[in-house]
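Chain naming follows the written order as A, B, C and D, and within any one chain the residues start at number 1.
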Amino acid sequence: MKSADHPKEGPSLAVELGALKLRNPVIAASGTFGYGEEYASLIPLRSLGGIVTKGLSLEPRRGNPPPRLAETPSGMLNAIGLENVGLEKFILEKWPFLRKASCPVIVNIFGNTIEEYAELARRLADVEGIAGLEVNISCPNLKAGGAIFASEPRTVHKVVAKIRRATSSFLMVKLSPNVSDISEIAQAAEAGGADAVSLINTLIGMAIDLKKRTPLLGNITGGLSGPAIKPVGLRMVWQVAQTVHIPIVGMGGIVTAEDALEYLIAGATAVQVGSAHFIDPRAGLKIIDGIQRYLQANNFPDVASLVGSLKIKKDTGQPT
Amino acid sequence: MKSADHPKEGPSLAVELGALKLRNPVIAASGTFGYGEEYASLIPLRSLGGIVTKGLSLEPRRGNPPPRLAETPSGMLNAIGLENVGLEKFILEKWPFLRKASCPVIVNIFGNTIEEYAELARRLADVEGIAGLEVNISCPNLKAGGAIFASEPRTVHKVVAKIRRATSSFLMVKLSPNVSDISEIAQAAEAGGADAVSLINTLIGMAIDLKKRTPLLGNITGGLSGPAIKPVGLRMVWQVAQTVHIPIVGMGGIVTAEDALEYLIAGATAVQVGSAHFIDPRAGLKIIDGIQRYLQANNFPDVASLVGSLKIKKDTGQPT
Amino acid sequence: MKTKIKEAKAQIIRHQRIGADSFRLRLRCPEIARLAQPGQFIMLRISEQSDPFLRRPFSFSRVFPPGEKKKMTEEDGILEICYKVVGRGTSLMTRLKEGQQIHILGPLGNGFWAAEGRKQAILIGGGIGIAPLIPWAEKLRRGLGRNRASRNLNEQSAVIVIIGGESREKILGVKEFQKLDMEPLISTEDGSLGIPGMATDLLERELMTRGHASIALYACGPMPMLAKVAQIADQFDLPCQVLLEARMACGMGACLGCAVKVREEDSLKISQPPADAAEEKILFTSAFAGDAIGASSESFVPDVSQPPAFRYARACKEGPVFESREIIWE
Amino acid sequence: MKTKIKEAKAQIIRHQRIGADSFRLRLRCPEIARLAQPGQFIMLRISEQSDPFLRRPFSFSRVFPPGEKKKMTEEDGILEICYKVVGRGTSLMTRLKEGQQIHILGPLGNGFWAAEGRKQAILIGGGIGIAPLIPWAEKLRRGLGRNRASRNLNEQSAVIVIIGGESREKILGVKEFQKLDMEPLISTEDGSLGIPGMATDLLERELMTRGHASIALYACGPMPMLAKVAQIADQFDLPCQVLLEARMACGMGACLGCAVKVREEDSLKISQPPADAAEEKILFTSAFAGDAIGASSESFVPDVSQPPAFRYARACKEGPVFESREIIWE
């Protein structure tokens, strides 16, 4: 905690996502940290770099029928179905607590239509204290019709541009890994006016109950998260870092400081910690400490100088 | 072994992939079982449903610079770079042994151009005893230019159709999971004349050496395999099973009989076992036994009646 | 019943087989033990590796301090859980060694509460489900003013315990209740111990043979048993609390994973667009079509012909103990 | 040196710390022990869970039977490995308990062989790299006709052993060689034991101070040390075998993962199209552009200006012991 509370003592952990300044690069990921209050008795929220709230829609949503969870090798599937309290109740009941968290709170939003996105952005722009928006264009549990949205650069550009016009808040677009080419999606988000991109959301997966011969999840398929997906998230962050000029927030399977450091070195300016909270509510704090220690041990003046520091050798061939 | 050698004793394990008949549905996956000879001293090859050989190209390939392997949570990355002996040496030095394996041997092929695919198919059609071809359109290590091949239904259709014209052998197309919509790719392969599709190949991933701040793999990125990817493979097999009419061979993270059974229930007619061989050379045999036992315990007359038996409830909601 | 949640290391004091496939873990963890209530649970971390990934929930099978003492004693720092081996996590747990440290999170959820105005309690547990009822019996007994030291209870005990299971080896907790001077009624499906049949048959018989105006039911066990108990409670118009199991990730209300379908007067307010409406406006889907089976099968258009209105409650935070009438049993 | 490979359960007979971060595992596994040769290795399965996923390779640090006995004795069924804790797998290995069973695969690869016509051997090991040289010393000694029971060797021993390490605590194997009546020369980087400096300095000094016409070198240790040894061997024109480490998955030649860059006269035959040629014909790529750094940096067009021609050998099957001149040190 010390390091997180007194960044002056060692290398600076502060990072900037465009105009948004964070005390440190470790953010709690959407859907894994509730509305902050759940974890507040266990950890000092102000030590975190930021919090992203559970995906919010205009209207409340019940979510998917249970079971909503399944464990998989080094990971888990979830099919929550974007259950949430809806905009109104969020502002009335959840925001007053979050406002006092004294760490930047980013609101994760999703809609069923482009208009709903814009409407959400507009109405949240009036709420004082919100640090920014994370736009979820990628939730695998959301189903509503024909076209594939999160994998179409054109529609991604369209929705981002529309939201951009609706708000001057910090705008981060969260990308789906279930696409052929993550780079072109990231570029579309950038072109649409995003201040940052965050990735990855969950991979679509499935599990089967052998006794009943039914899907383990009520929704049949769900989103895969946890250490299992780290190699994919890391690859996509690296790949996107080669193509966009806006900051990248990396996530997917981060449990330890080492995991987070890999993402930073690959090119992420900040990271989000998701499922790790389930196995260790203090995961975020431990990661902050571990980053601090790594910077110190390797003589980095600040975390920013670590970002994107991956060395690529022309010929990396070695005898062993 | 008993069950595999004497299928008469219990439920029949035999399956048919179109014209290709297999003793049982468990096949050794390409690239993880060498040319068969490596494992021959450890297990009776004839007990397997089949063997798929390491990806073969017209010319020999050196492969990627090391390191070529990295371990990841519940999985591994490889960037072999499709090293292989080349068609000529394969036929001269590898095939004589494989021919005597007394289990169907499927030759996995890839080319740099459509013409190379067709040429390989043509020349292998002359080799006696080959049970069929598996066409790899999806290796993440192969890089040669601009367009994204394995994720374009049109090019997939084109290459498959061309190979179809070049050979009358059993033709299985192996799909990449690194695509937005696996179903349309599978449909393209079917329309092109494939007798079966196999999936999934590896997910593209990456890992970083924190001490050196370099990629862990000589090739920077590599293919993720092992239990970590099972939920993704299973989901894609289920999804493809809803859309194509040709048999599906499922793979990705299969280590135990339970894993294989999930794939069969999801709609795979047969399965391939890959990385599991590295942690247990007898994995395939154990899986065959386990399937046999499951069929017996659940009163299935044969494995075919298990295939695609997943029950989807209209409302799967339950209190717990 | 708002509680403070702690994440702490617990030392294994004792690890003991208590049945064919069941074990008891006695843990020293003062931070959590001092807050624990019957019906609450902990999330236990199985492994320091990333596989198996999730923590596992287990109910307190013993809770200290039993009395409201002023000073913490050594005993007060101790808690217990009982577990049955059912899958990978619980199989690995059998390898835990005495002296070893494990990570636990708790106390979680809402425990049992004394049903208002009810002087008699029937506790009914199936298999390992009996475990959380042991500390609840103890607390009820004390709550009902009985002295812990007093022996020789007559049959008209204020707390009646019914234990059910498939067979003799699956009957757990008998000794623990006897230590509380309660003689549990036992039924086994194969008749190898107690009355042959289901625990719920025993419950019905008990309710039929005694005045039940002042009885409350408390149940824990497999879902079909709980559904049956709920039905009996309805039939006899008794208050009934059930401890429900749901798959959990966070255990503290954050992930919304542990959904339990409950009645909700308000729930017509929660709306969701029907999945196939307004097609031209709709942009999203998961990466494939034809899978609108899950979410779309819920009806979001207020529909009086489809009672009851519902919402999903979080078992970990709003439960795991629920009033049985709240639950929509399916 | 074609060997039969077995996958077998091995029982842990003894698990012992032998240094600051090094341990010795003594295993009973007759199937594999009876075939084991110095320089060969096993792949050890760390966990029954799926994480950590891969087996880990370890060299035999002791091999039975030392003689060519006719009948198997109890001792003959035993093998040993020594390991240093460097990462997750080896950390978990420290928890292995005596009596426990583990899965091993072996014997794998080609061991050391007696360099033709060489009467003297210098064995040089860095850190844990000394382990596989112990059984090789033993075999060489016997091979050179010395009686195992004979003591009092003079300094002109036919087997010279050099052990290097960072500091005193990193020097392993001294006692084992002493038991073979060999007094190893020791160097430490910090000078805390033996001669201060690198083991390779010691090697050079030894070679300088004695006639080396009949010497062969055998080395195992960190890559920079091996590269240096190889260079010294070149300089003094000595045959030299090195035991190389490479990341492995299968351990038996099937996955092609353990590539080691070796000289190949033939390698011009192995061609690969240059990555940027024939663009219109080329269809494939990984899912993104701009990553043609790995494969394309190799030149596949025969190019005399870029010696030497090479191919990738499989360390697990063609090695792990290589003639040092074969290796392309980079």
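As a convention for this text, contacts are C-beta pairs under 8 Å (C-beta built on N, C-alpha and C of every residue); 3 or more make two chains touch, one makes a residue touch a chain.
Computed from a predicted structure; not experimentally measured.
Chemist: Quick one: point me to the chain whose Cα centre is farthest from that of chain C.
Modeler: Using the mean of the C-alpha atoms as each chain's centre, the farthest one from chain C is D.
Chemist: Calculate how many whole Å lie between the centre of chain B and the centre of chain D, each centre taken as the average of the chain's C-alpha atoms.
Modeler: Between these chains, centre-to-centre, one finds 34 Å.
Chemist: CA centre of chain C versus CA centre of chain D: separation in Å?
Modeler: About 56 Å, centre to centre.
Chemist: Measuring centre to centre with CA averages, how many angstrom lie between chain B and chain C?
Modeler: Averaging C-alpha atoms per chain gives centres 44 Å apart.
Chemist: Check each residue of chain B and list the ones that touch at least two other chains.
Modeler: As it turns out, chain B has residues touching two or more other chains at 65-67, 72-75, 148, 151, 178, 180-181, 204, 218-221, 226-228, 312, 315-320.
Chemist: For chain C, jot down the residues that touch at least 2 other chains.
Modeler: Residues 50-52, 246-247, 260-261, 287, 289, 291, 293-294, 297-298 of chain C touch two or more partner chains.
Chemist: If you connect every pair of chains that touch, what shape comes out? Choose line, ring, star, complete or other.
Modeler: Basically all the chains touch each other, so complete.
Chemist: Residues of chain B touching chain D in their complex?
Modeler: Interface residues on the chain B side: 31-34, 38-39, 41-42, 54, 59-76, 78-81, 83, 110, 112-115, 139-151, 155, 159, 178, 204, 217-221, 226-228, 255, 275, 277-282.
Chemist: What part of chain C is in contact with chain B in the complex they form?
Modeler: Counting only chain C, the residues touching chain B are 50-51, 223, 244-247, 260-261, 287-291, 293-294, 297-298, 315, 327-330.
Chemist: For the complex, which residues does chain A have touching chain B?
Modeler: 65-67, 72-75, 77, 148, 151, 178-181, 203-208, 210, 212-215, 218-221, 224, 226-232, 234-235, 238, 253, 258, 261-262, 265-266, 294, 309-313, 315-320
Chemist: Within their complex, state which residues of chain C touch chain D.
Modeler: The touching residues are 47, 49-52, 92.
Chemist: What residues of chain A sit close enough to touch chain D in their complex?
Modeler: The touching residues are 73-74, 180-183, 227, 239, 242-243, 312, 314-320.
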